[in-house]
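In the two complexes that follow, subunit A is the common piece, with subunit B as its partner first and subunit C second.
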Partner chain A sequence: MPMLDRVFENSARSLARRTSRRSVLASLGRLLTGAALLPLLPIDRTARAQGAPGSGKSAVNDPQSCDYWKYCAIDGFLCACCGGTSNSCPPGTQPSPITWIGTCHNPGDGRDYIVSYNDCCGKVSCGDCFCNRNEREVPMYRLSRNNDVNWCMANSESDYHCSVSVLIGVAEPEKK
Partner chain B sequence: MTGAAARLRRAAVLACLIAALPVTHLYAGPQQDYILYCMGCHGPQAEGVPGKVPPLAHSLGRFMRSPEGRNYVLRVPGAANSALSDAQLAEVLNWVAQKFDAAELARGAAPFTAEEVARLRHNPLTSVLATRSAVVRQLSSTGSAPPDQY
Partner chain C sequence: MRDFPQGIAGLGVSMHKNLLRAALLAAMAGGPVLATPPPPLPAEHLTVAKLPPRSPHWAYVLDEAQNNEIDARVLLYDGDTYRRLGQIGAGFMPGDNLSPDGNTTVVAATYFSRGGHGTRTDVVEFNDNETLTKTGEIVILPKHAQSLAMLYDIAYSADGKFVYVPYLQPAASFGVLDPVRKSVLSEIDTAGCVLVVPSGPNRVASICESGRLLTVTLNAQGREASRASSEPFFDPDKDPVFVQGVPTDDGVAYLSFLGQVHEVDLSHAQPAFRPVWSLVGAADKGVWRPGGIQIGAIHKAQGTLFVAMHRGGDGSHKEGGSEIWVFDLKSHQRIARWPVDPRQISGTVVAVQVSQDAAPILFAATDKADLAVLDAKTGRLKHVEKQFGQTPSLVLNP
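Right after this comes the complex of A and B.
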């Protein structure tokens, strides 16, 4: 036991000879400054950003956000907020047999996808998650490319409830 | 089958058709043009909407049998006002007839050409219903005819 005491005493005295209170404070300061600067280093944080609520990046892949990439020309209430999903109608509603079909760009893979916007019909308007995006939409003179149309007009019950966005395929550039 | 049951059945069939559409790699051409410019109203199987949107399946090839039928098809609002070029419209109509009315086409109806489309489509019909009715009556006297209630 006395030997163990001597070893600890020697190492403590040796440390006290080599360091000072000032050097300890300086090291601590360096450590704190370094820790504060760590988030500024150029580290790829896109994966974490995608999961962060409310951030622009995550919204691109969130079916309950207007910024979801395949909602690029949606005008109405998102069925994903109304008891359905981004591509299926809520219970008690029927998909419209006629629809707006266009293309949306997926920033995830850089490709354009063909998207069918079907309205879900037969119940009063859902009222949740209203979105109005108009990429590649055209005015009323070309009805098939206009998203202000109530596509429930061809349903037996033409009440509009919400809209879905169904992926049909990958669009290829037109042949010239 | 009651009206409500028929509507439910149609909705179920439509939901299945849409859900069954695979996210496939398409190629620019008549199939993609059909999807982007025609399918929104005429449907994934060119079946139309009963009483609202005329079918192209089992119908378009029958119109192609007579000059009056061809004239009608190229002057209806969907063709006359289409954003497609004359050549694209000819190509997509031929693709639809081949895909959804092949048996009728096999009896010898000629495909549309871009020149024929250009000659006729720029003079849209003023009375679609009356013209269709007359054309369908004439076609039914020489074989199978499309439905006339549109």
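Right after this comes the complex of A and C.
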């Protein structure tokens, strides 16, 4: 298990730090490049795009809203509502070193981003701000794109608490 | 300290006088006179209720208890009397199934030694369906495939002699268990293919990212005797199938995100794929889609398929059905379309199951935790159970 942790730690979370934007795409290969080229999805979320009451933020920019743009394939309780943020686990929990990957469009800058969805582990489910979005999500036979499984599965404390969405890099098609 | 000049006794005498005065006044006014009180109720005996004889209209509903996931449970419900009959504990992110004879509910669950944390123990538990008591267990490797509740996250062989339990950590494999001797027989690597679809006494199919089915055949000791990989039968890049297959009378049917139906005959050594057909006509393709958790159910004798359908787009594959569509499996024609009435049923349908008897009922669980009971021949809504558990996700029938 520690070896697995190290492998995935090195291959997923540290990817953006160790590599250039271009090599991120090269490394992730056809899977992510193909996903990044998909058009925006025709799902009308305007009915929910109101933001949290009193938050003063539009929902697509509110990390406590299911409509936050980075959450396009998240499935679980939003850590931002549980003592963490959109990219940090709540105190006392442990991030899952293995993860599923998505590509989300940021309406703020018009770019598509590769996003790593990690679970935060070691406490019972947070129970607040449940969110399930499935843009480009694929069933568990394609595990790296699946959000149905407990990604705390390989942690020493494998109870599921909540989920975060961590930017890995920009997903742009390579220029020829 | 306050003084109570009348004291407790004085208060009682005063109240007694007041009561007498009230009774006298009531009698003078023609009002009712206090009657002799009825005799006291007899003493009761504390007992444990017994289940009535098993009915095909019972449902074993897995409630994932999403807000406190270490506490999932299977709720037993009678679709005729609309009563909850009992409960089976199911731990954390379980898979569950019924034995071929219906006598046992088997649950693959995780427990932590300190409730929400501590040492992880994965265990396959056997529960007697007559008493709802646990009768035995097998401790397995701590890597049961923890996922959204779905069929084939644990399964019996057709003769009941093996139990198959899928592992994921994240390498995929499955364990073969002996439910009689309560022992682990083997672990079989599935090379990334997931879940366990049983066929016959000794075959297990798992679904693969390549769009193929891997079939592993076991020997009498529950070890791998041979394996074979089918040709691809779907394209996960163009139109993925839901991993949660729908049991048919000779195998399984996989529905795709766009509503294609891939029926697989598993009754022979190699899977046989029937011609693909579609739930939707050309005008509705990509608009009306299957979705939810337990997407479809089949009445095997009548050859009818029930599917939760919604209007959606890419990425809407987990949205529950706003309608239930009914298909004839021979003609592939839609024979009914039953809208979910929001005035009576809260939420959209995420799980459907149909009883297998001649007067079938359809169970429909929603994302608002309603459990609806419908006449499966007419679609008539018979009953809605409100707030049936927390997150009912998978319905099994005896």
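Please note the rule applied: the second predicted complex is superposed on the first by the 116 of 176 C-alpha atoms of A that agree within 3 Å, B and C clash if a C-alpha of one lies under 4 Å from a C-alpha of the other, contacts with A are read in each partner's own complex, and residues count from 1 in each chain.
Please note the rule applied: a contact is a pair of C-beta atoms (placed from the backbone, for glycine too) under 8 Å apart; a residue touches a chain by one contact, two chains touch by 3 or more.
Small disclaimer: the values here were computed from a predicted structure and weren't measured.
In the superposition on chain A, A:I114 makes contact with subunit B only, while subunit C stays out of contact range.
Touch criterion met: A:D148 reaches subunit C, while subunit B stays clear of it. When both complexes are overlaid on chain A, the residue A:E137 reaches subunit C alone and has no touch with subunit B. In the superposition on chain A, A:Q94 makes contact with subunit B only, while subunit C stays out of contact range.
Legend: residue contacts after superposition of the two complexes on their common chain; A:E172 is shown touching subunit B, with no touch to subunit C. Looking at the shared chain after the overlay, A:H105 reaches neither subunit B nor subunit C. With the contact threshold set out at the top, residues 98, 142, 154 of subunit A are in contact with subunit B in one structure and with subunit C in the other. Against subunit A, the residues of subunit B that register as touching in their complex are 3, 7-8, 10-11, 14-15, 18-19, 21-29, 32, 35-37, 39-41, 43, 49, 52-53, 81, 83. Listing the residues of subunit A that touch subunit C in their complex gives 4, 34, 38, 41-43, 72-73, 98, 122-125, 127, 130, 132-143, 148-150, 153-154, 157-160.
Across the interface of their complex, subunit A is touched by residues 66-70, 92-93, 110, 112, 115-118, 120, 143, 145-148, 168-170, 172, 192-195, 207-209, 236-237, 240-243, 312-318 of subunit C. For subunit A in complex with subunit B, the residues that touch the partner chain are 87-89, 94-95, 97-103, 113-114, 116, 118, 142, 144-145, 154, 156, 166-175.
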